[in-house]
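One structure is given below, encoded as structure tokens.
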Amino acid sequence: MNPKNDLNLIADKLPEWLEESRKYTVLGRPASYIPELAYAPAEALGVTVMGADGTEITAGDCGLTFTMQSISKVFTLLLALMDHGEDGVFQKVGMEPTGDDFNSMLKLELVPPGIPFNPLINAGAIAISSLIHGVSPSDKLSRILAFFREVSGDPDLTYNEAVYASESAHAHRNRSLAYFLKDNHVLDGDVEEVLDLYFKHCSIEVTCRHLARMALVLALNGKDPVSGRELIPKRYVAIAKTFMITCGMYNASGEFAIKVGMPAKSGVAGGILALVPGRFGVGVIGPALNHKGNSTAGVHLLQTMSEAMDWSIF
Amino acid sequence: MNPKNDLNLIADKLPEWLEESRKYTVLGRPASYIPELAYAPAEALGVTVMGADGTEITAGDCGLTFTMQSISKVFTLLLALMDHGEDGVFQKVGMEPTGDDFNSMLKLELVPPGIPFNPLINAGAIAISSLIHGVSPSDKLSRILAFFREVSGDPDLTYNEAVYASESAHAHRNRSLAYFLKDNHVLDGDVEEVLDLYFKHCSIEVTCRHLARMALVLALNGKDPVSGRELIPKRYVAIAKTFMITCGMYNASGEFAIKVGMPAKSGVAGGILALVPGRFGVGVIGPALNHKGNSTAGVHLLQTMSEAMDWSIF
Amino acid sequence: MNPKNDLNLIADKLPEWLEESRKYTVLGRPASYIPELAYAPAEALGVTVMGADGTEITAGDCGLTFTMQSISKVFTLLLALMDHGEDGVFQKVGMEPTGDDFNSMLKLELVPPGIPFNPLINAGAIAISSLIHGVSPSDKLSRILAFFREVSGDPDLTYNEAVYASESAHAHRNRSLAYFLKDNHVLDGDVEEVLDLYFKHCSIEVTCRHLARMALVLALNGKDPVSGRELIPKRYVAIAKTFMITCGMYNASGEFAIKVGMPAKSGVAGGILALVPGRFGVGVIGPALNHKGNSTAGVHLLQTMSEAMDWSIF
Amino acid sequence: MNPKNDLNLIADKLPEWLEESRKYTVLGRPASYIPELAYAPAEALGVTVMGADGTEITAGDCGLTFTMQSISKVFTLLLALMDHGEDGVFQKVGMEPTGDDFNSMLKLELVPPGIPFNPLINAGAIAISSLIHGVSPSDKLSRILAFFREVSGDPDLTYNEAVYASESAHAHRNRSLAYFLKDNHVLDGDVEEVLDLYFKHCSIEVTCRHLARMALVLALNGKDPVSGRELIPKRYVAIAKTFMITCGMYNASGEFAIKVGMPAKSGVAGGILALVPGRFGVGVIGPALNHKGNSTAGVHLLQTMSEAMDWSIF
């Protein structure tokens, strides 16, 4: 477990692993529920690995920009935990995987008291968005952007206007979820304001490098890899990592835990943020998705790396 | 089956049946999901029976005004059938009872293609509202009001502004349903406009007498009881009566069919519209509801009348 | 509504209606869940109409023998009502359509207290089988056979051994339902004994003529068409007819009520028993089923007849 | 992270932690679904911690014998993996948490192809039991007992006849699950034989000491703590540990992962097997269960220990 040797091995092998995994892009296709996502290049695959000392290794289409989508939910959860503590957050969302699709409403109707089962399904993430402190909608957005910028190390990080507009215009199912939550007394405040914030943080635009840096902060238990300063309390990072294992890959999280074993979170733009505790942050982009919403080639690449490097936490 | 004798018998017995049934008001309570409904007098019970010749018999609190709520769905269905025909309507809603609560979303998610199972559950009635012809929202409302006024014989029938406002402000679950339908491509047009029309027709204010008159038109296969003119094609009335048997009393429709056997439709303000084919229209108001949303005393009164007069169609 | 004229018209038209409907056999196929049913001739279609005076009209493959399957559930319900009264029966089964498949277990798990929603779905019919009086399994079977023989007018009616054996050997889903009911305290007695009785009454072998005669007894409110003797109390027949409208055609009952409007019950061997109150009993056989378990051609034939003769009760 | 110091600290603190946690027994009660389990002492709480070198620390009622129940499922899964490999096992069961009760049948009906979501829910464990190699039922049982004896280090380990008989007599819901699986083509062979094997391995009788020893073998990646011999391939142990995190504590697994963070498996007799990778095996018994089926005091004790010793894997 010599970090230096590991980095050399990764640098050596990564192009080969990536090209092998790229073949799996044909098994999926970009998300089409909003037009903006459907434009993504289906055959793209890119990766950035960042070591604890900040060393970066990249391969493939790592210059591709894309929106965080569900990956942003990990960091709004962290911000909500910093704003409200565990007790405050877990009054609004539970801690259990659902076994259902990420936009399912079944358990909201069937399981009293009708709160989202966890903060990483859509219903839960919308509830979390309603918890972000701020005196106004723009203040809440500013706080989210400030936090994401700090964790990613990029002061220019912002959301993509076109994707945000497209999300907002096509978000009938998320509106349905949000109004259901309102009816169940889970959402405080104005539903459309909460949704607007949710669409904006889902539309934050990144590259693999951003994801790798954000993952590395989690891998280092919340510490900035350069300054060593605590950006996020360790306990909250532990909570986030736990959810990434149990619920991070939609309703394929259990399979990912068995086959890859890395805390990870995927988004429907094709991104995956993954980490090796104490050691590496990883960012992957591969827009072609399987039917559960995860990057086909991205999952294959992470499985290849995890097996080769013995990265599973189990 | 001498109508004259029947009317005499009803006139004779109705006060007694009503007072006996009034005791059942204590087993329920007025709907509370919007404040305006909760103000209704819990112990009230009123009834109007209208014979085919227009003779009226009343008992109890038949002067009480209340909103139609779900009872209006029978007549928007009829208007939609007149606007689009059977094929047009049944592309948007099915013909089956659900076995679920009237505001349930389970089958929209679980049963492809995700259209409402029938036009009398909330999801189905919202879909039906989207089908009403009109060049503008106000035109659609005007057409609904004109139709309801013609069937009820009251040119002044209109919706209650306070109840409408309260519905609209507290309709999170209905909004959730409507956006889910939009996502399933069941709703054309603007969701909020459709909902606005839906809230307005649910808020149309009536007395038992209106309901009895409207029921009588259905009992006469769509003919005006005074002029004999066809207000609604017979085939569409048959469709409406069938739905009233299979789905008219929420998810207690099966029990009502067994115990009462009259085509009927209830609303959460406590009204019930019921009919004896060819012979009688009946309007009942009793705001105290059981947990399935039907008037406790109203159901008891109809069961008493049906058993005494042998009114079951089965 | 002259019965004589109607019979003449039917006799005249029936062959044409039947051949027209036979084309719809290609849209379905015989049930395959047990091998014995799959052997049935897919293109067969036969019908018997029996008038109140016992006059019979037949067309097509009316000599074909087949097993009653779910059609038997109407008559075991009637026998259970005669054995226990309404209160006794409705402690074990409800009165509501489910909207689910006939062998679904969802509502048993989801809706307290976990009793079958109605006596015509599999779970409900198994519960009903457990209610049949008798000092021994063979005594219960004898009582069922005696009742079915009396209603059908055929003292030799019995079950098909091969179909019964095949049912019993392949009835994993029904066993699953029965043990679930046992766990929910719905079934008294030995599960396998109850199932054995259920498989046997489902395997009772008939022709269209039997079904027409049994339907006619129901059409005559329980009276024997020849002797005029009451075989079944009128109230129980009304209950059965109500269930035939709300639940008789599996989860296509609502559509059948709208399009045909006759109290009816179908079975997965392709039989349909239907009736015109006070006037006609109808038996149909068409083994090719649609995906909801109803005879494709049989439903078409009944719709044709109902429309031509104005037989809908609505 | 000095093992010696840790053991001293645990030895010092364990009695205090245990007595503090014992107070939580009043919040639950022993399982009552079979009479034998209901007899367990509700206020009991016992624990054994076993270090990698075999050192044991005990506190409370660690002499209490109890049946493994669902804890046995971890080891039948391991045996099935050794018998069939990953591909063979994962044709019959999935890898996902369900979010539903451990005996739920919803997903078997709703989610094609109807295989159990994971091997630790009842449906999954019954499917796993059907995979155990053996020329006869008794040979399969012998193989299970031999494996459990080897892992526990107790050549006399066996099942409790009275609990087994009680399970078998009251197992209507498990029979229902098994026949549903048979209908879904998940179970090969005779259903009753599979269930018999399942009831027997659930009835294997242990003390905390056995659980701690079995947990320690998993903590050591499958190696015998005394001989160092590999009893289970490391890869299969990793799979088991993953399932213990995602599904080990029924539908409170997510919460347990957040609050305790140890791979663990509970049983309805009140036992919990838990481990610290590479370091400790832990066995707990506390028969009073919460409504999700986990020992109230046992969970509290493990949370106390995990927080004090920093044992979470996250």
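In this document, chain identifiers A, B, C and D correspond to the written order of the chains, with residue numbering beginning at 1 in each.
To be clear about the criterion, a contact is a pair of C-beta atoms (placed from the backbone, for glycine too) under 8 Å apart; a residue touches a chain by one contact, two chains touch by 3 or more.
Keep in mind it's a predicted model, so treat the numbers as computed, not measured.
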For chain A and chain D, chains touching each: none
Per Cα centroids, the chain farthest from chain D: B
Interchain centroid distance [CA atoms averaged], chain B/chain C, Å: 32
Where chain C and chain D are represented by their mean Cα positions, the distance between them in whole Å: 48
Separation of mean Cα positions, chain D and chain B [Å, integer]: 55
Sequence positions of chain A contacting 2 or more other chains: 110
Inter-chain touch pairs (all): A-B, A-D, B-C, C-D
Of all residues in chain D, those that touch chain C in their complex: 104-106, 109-110, 172-173, 175-180, 182-183, 191
Of chain C, residues touching chain B in the complex: 94-100, 107, 117-118, 238-239, 241-243, 245-247, 251-255, 257-258, 261, 263, 312-314
